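To start, the structure under review is shown below, and the notes come after it.
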């Protein structure tokens, strides 16, 4: 009945760093999330060093003022390059719009800073490849913000699959539905134009599902797909005039992993009734696992071996608890919830561990390139109306 | 609080039939199910005529003896042709193996008998087309046994879609998983050979999902797919020797309906943890509907209009009741269950109504041909590695 | 993959009965349900004798006409006593209003007829006791229509408990909610008066929950309760004038079984959002079971032994299938549904087995008296504001 | 598509406080949780003042060392009285064992410190009353750590009830099950003795359920209950010798609120299969609400008005989002999760708002006394075997 926090994932300071000095670029939702992760990481993982919030960048003055009060940054600035090149900063969080990632990452890497960058990493394959190169060249650690991979549920599922608990994977059935674009009057924006770097449901949402599939089941081998735009015009936010939408509202894809296993997936931001229905059913030769991010505190597990007594077998609802990865860092009592922000703390924990132990963080820019390649293949398959081999 | 049965779907006897004399061919599970449907139909729909169970055919003597006791057939026989050609029979139920459907249907149609035939209708497109022709030529009514379409839940869903309750359909996400072939030691049989008429997960199971998709959302326009055989060999039932499996264990497909709506589907008989997970999520511009045959007494409904108050909106669990189609024929109290066998009674009710009112029964052989065409396109797409336009 | 019906529960004809001749009293919903059960029982259990539908009684002529067409009774009558005393009838189904049960049962028993009587057996303890006596005196078999006990799910649960699968029971948490009286404009009727034999939520609904608790966990030892009437007046159906309601809308009770295990229960016909939420969670020293009649095709099972690996343990959803009691009599394929009417067939199967094998049917009048005693104790406890020891 | 944090609940600094200087007493799980709440509160609510972590008290040196590194306290100490009486501290968090609450609260109040105290507030009614008095006398603000009341789901439910969304409440059906004492080999401890201040399932767990019931539905009027100890002996942790358990393993209670509404509840720490199944169904005259802490990111809502179309009505699953209380302080995107630790931040937010605006925090010591009175009545009712009027 005595319940105490149990701290896992505490890093060794193998590189003898004195403290970690942080700059955060962009203070929208994600900038705040990164900052609170930096703020809470030490308590969560009992880091052997302190973190200093050094510089906050945002283009908007009100935003800067708000977050300057919320957090204890040493300085705030409207000049991102100053942050990327500063001498008193070891690591930057890039939380600005996608099309800016490349030049910020380049500047930060050249200045020897480790980079925690939000996803998607870039708005073109060329930029993504350049980001991999520049990071490698300057030997900086990188981490991409695919936070959903970092929940105790998903980490537990990854372990179950890796240990062969459900046998060889035969099928991955993925889904990602949100409903925030269902209303045809949601206004047009640069996000819905190719020129503006709009990525559509495929890039914005599908990237989470695709990366999760690859992380859990391995790289794609071949894929076929169809992208669709249902609401082909949306009203301009100011004039109300109808403007052309250039990005997809939804896509479906199917294909195989390198292992030979089949996958099927569908993603839509017209997903009526759903807020965060990012999930899957993974079937193997010895069992199966289901997950839905809307109920991130649990997963469903079927174990075939129990089948010898079919009369008492069935899918189990497993509630996460301290026996699952990193849950105990937040709460010793099972059945409680690790929230969205805490996935981000687990993410920063993995990144700082990689920095301090001079190790590989997952997913880094190179891993991200693999995701981008798969996303591009899905886009190409739909554009060209044929199977694509990766 | 007073609860009385409410009988819907009572037919008029427009053709002045005196009674309906029935022959049942094949007394496996489906033969018995047809027979009990014939037996209970009158009480369920208050038919204006009597049904007579005239003849039972099965090749196996023990089976004939068992069912001769269970039911009150006037005669039992080992000669199916005698039943198809008998003068004292108006309608036959064909419940024999798939490869026999064509010749029995031909004989029955030529003899002027109405035909209630189990699905899939035939083992080749040629046979399916011939069945349509012979039935049309002889003016007999036909009905195919796609029983899952006949549950109150599904009929209610069909009505909701048809009335525009969820707007224009934008996506159909279908699934059909059973686990009865998961064990690699399930023995080989003729059903797993092309020559023996084996149809694989695509034909045996997928036909239910595909027909449901077409019934609810309209004909397919184009499709791309991948079939897979995971357990490529299975032991011979008698010798234990490993034999080649020629049929698919699972398939995934995606494509569009003629309406332009997108679909995604997956079917497998290696579906760990599932017994009868035939279901879908249908998304429209005004709402969405989810269904799973494992919980056939309910469906999930999301109505976007409620979204004006997002804080109190969400997917509803609607329990079936007497305000849904045909439920009241079985039970006046909502929340109770109409069982598997009762879907078959609703099916026979639709068929007898079509006979007595000289109307179209759905799905008849012609409707079935549309399903077979879609199934064939999925097979061809996988074989040829390309999109197929129907 | 070959699926055939499997018939369990086939009785031996130990008493050499030639056939079973049936009279049905009262043709409301339950009368029809009894009749279809009599009609389908032979096919379901492969009974060694025929059933004859001899006489149908109802006070209403239209009702008689309707059901005379639906079913093949040899005669219809408006005189129940004629049926109870007829020479050509072996067994009667009593499906008339509750206050009539006693005199019909008395007449039938005196005439040597076996009695299948709907619940609740009587409107007073005195009547209930008299029914037990007269049946015993005349040596007739009796069966009460507590149909929910007869579903494959519940019978499977009973077996799991009896075999010690969940250890010693420590708690029964019962619920029964329906919403059909939520609207305060549901009119007044004799059912809401004590004089008219109204039993309230306690008698009408609670009797199902209480009998289920006793069947699964054993007799009550002590109980305390509170009954409540929320809508104390309801409009007269014809005049609209508000009339006093004398029966309860809801009750809660708690107490112990003779085993010492604790129970908690609540029943209401003001149960917003529920249609047939009759269910429970039974907790034992080795596991637990949950059930809800609204999802009668499944139950939830937790097995503590799996707890050694807490990270993969949780409540299982077990879908009913042919490995559960009597499921295979209706369908060979798991995950399908046995409907409400089919529970009644399982019930008649148990009754006919008791008749033919000269055995005890459960629950008979004597078992029913135990239920009535518990119901009365709950009523008394609320009336007297104190614990009652049974 | 642009998602930004939305900060609600920002307090005005009406009392002109310069900063808030905090002492935390006891660094078990709850001490850490309080500390991170103090640490994150400013960013979450954009507090107009800074928080300083001044002093950490724990009796255990290793614990002190661990948390001294995790958090930035100015000093650590093994002397709680020093913290309670310090001049440089404005507010204390009391997270030590229950029996210590009274003397710490007394010392802190006498020294003018505001008090955030973990529940249950005291181990006797006398102590609880004394705590109310001393806080009132010295005019300090108090807050009790009933954190489950502070989740966005529960706060949304509270608002729905308060606004009459489900009409007049007719029934509260509460449950609280955890399984951490199921194993009979869980060792004995002081917590299982009356002398040691053990409160049993009633005090430890039931207090959450009872306080939630009172918060949502109002004070209890009368109650009847039964407490039970199933495992009456447990092995001594060191000797293995069996020792007497003096506290309850489970209890059931029923009664009425002052409004007249009925309640039923059950709580157990032998609740097989459950980790954090704290929940309820609240039924009203116009709808109903269900909640389960194991799925804290959603609640179920039934609205009777939709009943005019019964064919499309049912319980809705409402996912929490930024339109629910305080969700937007943590995440702008619905369907994500606010975790356990974040409830504690909402709690500290309410407390600091009360301090800065010189207002009432809920639940304070006086509110807690009402909960304690109800808990005591449940204990007394079981001890005395009779109804208790509060």
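Before moving on, here are some points about what is shown:
Chains here go by letter, A, B, C and D, matching the order in which they are written, and residues are numbered from 1 within each.
Throughout what follows, contacts are C-beta pairs under 8 Å (C-beta built on N, C-alpha and C of every residue); 3 or more make two chains touch, one makes a residue touch a chain.
What you see is a predicted model, and the numbers here were worked out from it, not measured in a lab.
Among the pairs A-C and B-C, the greater number of C-beta contacts is found at B-C.
Between the CA-based centres of chain A and chain C the separation comes to 54 Å, rounded to the whole angstrom. Between the CA-based centres of chain A and chain B the separation comes to 43 Å, rounded to the whole angstrom. With centres set at the average Cα position, the gap from chain B to chain C is 33 Å.
For chain A, the set of residues that touch two or more other chains comprises 298, 314-315, 319, 321, 334.
If you sketch which chains touch which, every chain touches every other chain without exception.
Chain C contributes residues 1-5, 28-29, 32, 35-36, 39-40, 42-43, 46, 66, 69-71, 178, 180-181, 189, 191, 204, 274-277, 293-298, 319, 321, 330-342 to its touches with chain B in the complex.
Those residues of chain A whose C-beta lies close enough to touch chain C in the complex are 156, 160, 165, 298, 301, 303, 310-319, 321, 323-324, 334. Contacts from chain D toward chain C in the complex involve residues 166, 170-171, 173, 175, 177, 179, 182-184, 224-226, 228, 230, 249-250, 252-256, 262-266, 268, 270-273, 283-288, 302, 304, 307, 314-315, 385-387.
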